[in-house]
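Here is the structure we will look at.
By letter and in written order, the chains are A, B, C, D and E; residue numbering begins at 1 in each of them.
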Amino acid sequence: MFKIRKENLNDLYAKISESMGLYIPIKKAGEVNYHVWGEGKEVSLETLKTVRSPKDAFFPQTENMMKFKTEGKNIDIIDVRDEKRPFVLFGVKACDYKAIEVLDKVFLMDPVDTYYKARRDAITIVTLACSKPEESCFCSVFGIDATAPCGDVTAWLDENYLYWQANTQKGEELTGKVSALFEKGGEEEVKSQQEQTKTILAKLPFATLDLSRFKPENLNELFNAPEWESLSEACLGCGTCTFVCPTCQCFDIRDFKTRDGVLRYRCWDSCMYSDFTLMAHGNSRTTQMQRYRQRFMHKLVYYPSQNDGLYSCVGCGRCVNKCPQRLNIVKVINTLGGKKND
Amino acid sequence: MTKQERIDNLLRLSGTDVKKCMKCGKCSGRCPAFNEMDIKPHQFVSLLAQGKIEILLGSDAIWNCLSCMACVERCPRGVAPAAVVEAVRDTVVRAQGKNGLKAEDIPQIVDEFIPQQLLVSAYRKYNK
Amino acid sequence: MQRIGVFICWCGSNIAATVDVKKVAETIKAEPGVVYSENYQYMCSENGQQLIKNAIKEHNLTAIVVGACSPRMHEATFRKAAEAAGLNPYMVEIANIREHCSWIHKDMDEATEKAVVLVRTAIAKVKLNAPLMSGESPVVKRALVIGGGIAGIQAALDIADAGFEVDIVEKNATIGGRMAQLDKTFPTLDCSACILTPKMVDCAQHEKIDILSYSEVEEVKGFVGNFNVKIRRKARYVDETKCTGCKICMEKCPSKKGLNDFNMGLNTRPAIYIPFAQAIPNVAVIDPEQCIKMKTGKCGICQKFCGVGAIDYTQKDEFIDRQYGAIVVATGFKPIALDNFNEYGYADNKDVITSLELERLMNAAGPSDGVLVRPSDGKHPKVITFIQCVGSRDTSGCGKPYCSKICCMYTAKHAMLIREKYPDTEVHVFYIDVRTPGKNYDEFYRRAAEQYGVDYIKGMVGKVYNVNGKLMVQGSNLIDNEQITIESDLVVLATAIEPEPSVRKIATLLTASIDTNNFLTESHAKLRPVESPTAGVYLAGVCQGPKDIPETVSQASACAAKVIGLLVKDKLKTNACVATPDEMMCNGCSQCANVCAYGAITYVEKEFRLGGGKTEVRRVVSVNPAVCQGCGACTVTCPSGAMDLKGFSSKQIMSEVEAICKM
Amino acid sequence: MRDVEQKMIERAAALLQNGEVARVVGWKKGEFYFDPAPAVFETVDELKDFVYNGFCGANLSKYLIKVSKNEGKTAIFMKPCDSYSFNQLVKEHRVDREKIYVIAVECQGKLDIEKIKANGVTAVTNVEENGDKVTVSSLYGETVLDKADVMLGKCLTCKGKTHQAKDEDIILHEMPAPANNRFDEVAKLEAMTEDERFAFWKEQLQKCIRCNACRNVCPACSCLKCVFDNPSSGVAAKANDDRFEEQLFHVIRAFHVSGRCTDCGECSRVCPQNIPLHLLNRKFIKDIDGFYGEYQAGETAEGKTPLTSYKEEDLEVSDVFKGEGK
Amino acid sequence: MQDVTTGNKEFKPNIVAFCCNWCSYAGADLAGSSRLTYPANVKIIRVPCSCRVNPMFVLKAFQQGADGVILCGCHPGDCHYVTGNYYTRRRMALLFSFLNYMGIEKERTRVEWVSAAEGAKFSAVMNDFVKTVTELGENKRLTDLRVKEGK
């Protein structure tokens, strides 16, 4: 294990940036999101939850796919993909790291999404353990250890140091590039931080959420539960929950008319939108209740039933914090799953 | 101050739009002090509009206007001839370096035939 | 996909000298959708049009673009040509490569390049064109004239003479209007009654004219060609069909103290009355406020004396519904109230009168039988002073900002008549300007001053005050730069005129717009001066703006011509480029109706299927294509984009924008 | 506030019980004190979850579009600011006034949990309101904050404590005076140079994730189908693919609600990226006031909006930038 | 994305002009028949009335790379459709003020009233507008970079 003083982190970022891109939580206009690092940027590793999850590092909100160039009556199809430069995704929390596993299952299974894969392969992930979880966190419910995330490198942060441990070949390579900045040690500090954090994690209000009913065999019963009506009645049908969610993976493919043709791109879509999966005959889900149900059934029942029980919620709590009308997956779990203490 | 600035100053002081005058003469038709004024109310508006301010600044009418505002009240175009008279008077008073008028100076400026109303209004208007 | 043909015109050398027309036609061939491209010396010529027609047929063109002069020149020509070849005329777009290109640019390359862009832009638009059809709506062959003054009478006569039914709705008991109150008319000084009453009689006798006197318009629905109007026939308590106009009731009526409106309140009339001798219809009316029988239940004298049993104290207001193809508004004017002009002492002095009152005083049928006397003491006035512009040209808020237009002339008339009839009378006129444009008008005014010795004083009156029964008129004489006071016996105020106040209600009923002075707005100040912006509604007389009798009559006849032009049609072709709403997107917010100047937008409750067997009733917009003029104001007001404009759709304009920016 | 809440529950229960209304729109308690959600109550029994506290900032009026389509009358609790939106919805025929029973409730200013957390308080488990103080309990300890520091942005520029529509009211305590400072922030931006303003909005709008929360919460955005969702509108767009998309979306949205926006502040409240969206709408309001005379949308349920009316002597477009301080 | 240096002498702005059919389009026709020149980079789109111009069209033009947008209509009070341009005036006053508030150069947008008789005014307005926008340089703030990719 290595460590580096907090005040020297800028050197670390600079060193990484010499040979790779660095994607890291940066505060801009008051909000912390992942951005490409540059000198003078305000890095905020302390921020527990970036507004957007790091998923856009390999699944950006919009991504150009191809271009149709027209000249007179000719049309040429142009591949607009460029060589992906290797880069480091720095500061990924345990929940968000787990979310990448969820996304991988979608995009990397056959047929492989080559756009996603190109970015995924180019990334080295440096995770960061949580030390100050908050009330909306419930990753432990999904078996995630917030104090020991995986990734190519795992990092811990306390008042004085950032601790660094490589886990994979990629991680070792990255470590090699920056090791000159490191000193050895930190095992003790990390251990004590982990223990301290675990006591908090156990006390979190959502630590006791009960997922036991969310099983494929209960699909029909859950689908037809009358509670969906009241759960969803305040839903605005905005896409906030889906766009801040680290595991939401739906996208739409659209064309944009440029000066000399058409640019085809894909962009995030939200199952909360009324035009989501709109087909020629109309929409398969006509009410907001149906759309609302779809989102949570997908997270808690459909996805796990196809992926060996892996939920596609990781308990990051972003939707809990960000839903404009304070609806969220926790209310769904509590209403349909039944509280443990009840 | 250039002449134009002085004209502008008078226009600003009067706060009235002399271009609105349609030259009907109703102000002068109503003026109770008409015969005491060497320059008539409608001429105040007209001369200022033409920029002939020397005539106005040299007129005696500014001391004889009763400030009764009948001309203002009656003007069909919303022009205020009395405000022009007042603006000219203020300009003259200021140019003389006076910031007001003492009661004892009044007899030298106004003649004995002036109506009582004018004397009262004189205190009002000279007491800047 | 459209099959587009492009036709580039040389316009002789007008275009070809600066734009390489062959190159344009050649370049455009490569545009997607273009299957045919041609250039020709004069596209608008017979041969040029034939070329287009042939190409449409040979190449199965679905749309064409003509690169030529302004569409304001020949769009109609090319549309007709296209139609002749079996193409919908709205599948034609014009690229203006003459006025907007060849004529303003000198450099050939530059102009050619621009021409290509303009043609491409037209192609971009025409690709989204859809065949448009003008709608048709039937025309009810009957006209309504609101107001029975000289304007209404003239319009009604002209329309009726052309063979169409006309109803005149007049709110008073008789037609005739203001003109009936006048003594003589300028500039010829013929007697007003002598020229008006024959026309009134013509109206009454015309088989195509129905006079609905003592009636008011209550409700107007529908649109051009098809108005549904509800008319209130006010109870006159006299059976119109029975009354012979013998006037015995007037004689016998014991309640004689009612103010005579017709004589401007200068004398009185009985509770049952016929407004004046030549009234049409010559039928009595009872003033229920004044009638003793109606107030107390006792009396009934008129009923007793009426030989034909026409009196009916129980009569009620009736409502009738009629259909009209066109409506003429001719509601006329009234003199303004003089409450804001205390300086002239109108309220305090009987001998300060308005010009209209003077008309009655000088009229042989008036309260003084045509002898000019002072209302106060019945003596003949020796000094008469006229004051002009009382309440006109007043922006102070007391009066009206506009010139009432008729006062200069009628004052000259009055002055002249008085001097002629009573040469011993001194006549003064205080004026600001004397305005006499018009045939023989200035000559008329000069005659008053030169031949009749009327004293015109340039200046305005400051105040009128009474000293021992003499009216002291104090004003300025600007020419002599003096203030003068004229001791007068009679003061006549040339009072400003304003539209008859009931016009407000009528404007609302007709959705006709009205200006800040309550004058009805014409469709175009210069080019459509008698049409209201509401299709099928026409304006005659002072309701549209101050005017004298000749002008009023001309405007009334112009209205009639327009109405006749409308009524001769069996069906109206409606504008094809009208607003078109998408009901599925309309949320019924009413924003669009708020900006429609024509009242073409209404709302309906409509049932929509939601799927799953469910339905929903929603309030949605409905555009009447017969009324919509196609300005597009509503389209921008609609946030959801539910409203679009045929022929200028949002998509079309946006693709034009894209095409222009593509260069 | 407990007494107000109690009174509200009593009234709601009475109205439901005697059949005067078929449902009541209010707020329902969440997992914590600070996350109540809008809800519709149809039975007295459901009212056990009814809550009204400092975190009931949501403007409920827009829900009426949907809810009032159902059979029977709907009662709704409204804060003063919500009542403007309600009037505007009535004016635009989106809600049938006859079918609504408005209960005006007092508002002492609402709280923003994000602002509380921004004070370094995390893992919040409870919040208590004590007058102008707020006591926050968390797993890491207890903190006392000034209420003024943690109020919702929209409450800091409160435009009035008068309900513009009501059938009855539940006002038990005096409400604070309006702030009268609505346009300060706009004026500050106006005072900047073009470049500074551009930089400001560029940075702010780059955060936008096009979640549409601002649009979907907005009571003025009540179109059946938004132009941005309608492929045939020519401006349909789904994502923040380019800086222009954000500008287009926000400019058009602000324009579409101009003259109709009541400045309820919901857009900024719900923005997950905390973009000060209200400053866009408020610029239109300020300009309308300045150019055409003061106008407050939603003050009445009748009349034309400034963009659907005109005066002949209106300001010329060329004079827009000539005035001082514009 | 290509960066075109502003102030480049070769820079020719692309100007979209919306003209109402009854006054300004006719005014432009008159400018043409009077041979009053103005630069070729002004392209006119005919609309029935200036009130047909949706702010979305203006933004669309900028998105697609226009450097300036000008609306021309009948003089207030002369609108063929009676009141159309009064609405235009309010809409555009608010829109342009708003765009400037967002940092868009105010010189890029303009509304002018040009009657059918004012061919000379049309030409003068266009010359002046082109000059102003040329001095301002390329529209970068309100353009969609994707559009220009192919340039």
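The working rule: contacts are C-beta pairs under 8 Å (C-beta built on N, C-alpha and C of every residue); 3 or more make two chains touch, one makes a residue touch a chain.
What you are looking at is a predicted structure, and each value in this text was computed from that prediction instead of being measured.
Under the touch definition stated at the top, subunit D and subunit E share these contacting partners: A, C.
Distances between chain centres, each the mean of the C-alpha atoms, put A farthest from subunit B.
Taking B-C and A-D together, the pair of chains sharing more C-beta contacts is A-D. Here the spacing of subunit A and subunit C, counted between their Cα centres, is 69 Å. Centre to centre, using the average C-alpha position, subunit C and subunit E are separated by 35 Å.
Inter-chain spacing, taken between the CA centroids of subunit A and subunit B, is 81 Å. Work out the mean CA point of subunit C and of subunit D, and you get 47 Å between them.
In subunit B, no position touches at least two other chains.
Among the residues of subunit C, those in touch with two or more other chains are 595, 637, 650, 654, 658, 661-662. Chain contacts: subunit A has residues 256-257, 259-260 touching two or more partner chains. By the contact rule set out at the top, the touching chain pairs are A-C, A-D, A-E, B-C, C-D, C-E, D-E. Of all residues in subunit C, those touching subunit A in their complex are 30-32, 610-612, 658, 661-662. Considering their complex, residues 28-31, 33, 48, 51-52, 61-62, 132-135, 200, 203-206, 230, 233-234, 236-240, 242-244, 252, 254, 256, 265, 267-270, 273-275, 320-322, 324-327, 330-331, 334 of subunit A touch subunit D. Those residues of subunit B that touch subunit C in the complex are listed here as 20, 22-31, 34-35, 40, 42-43, 70, 74-78. For subunit E in complex with subunit C, the touching residues are 14, 16, 21, 25-26, 28-29, 31-33, 35-38, 40, 43-49, 51-57, 60-61, 64-66, 77-78, 80-84, 87, 91, 123, 147.
Against subunit E, the residues of subunit A that register as touching in their complex are 67, 69, 256-261, 263.
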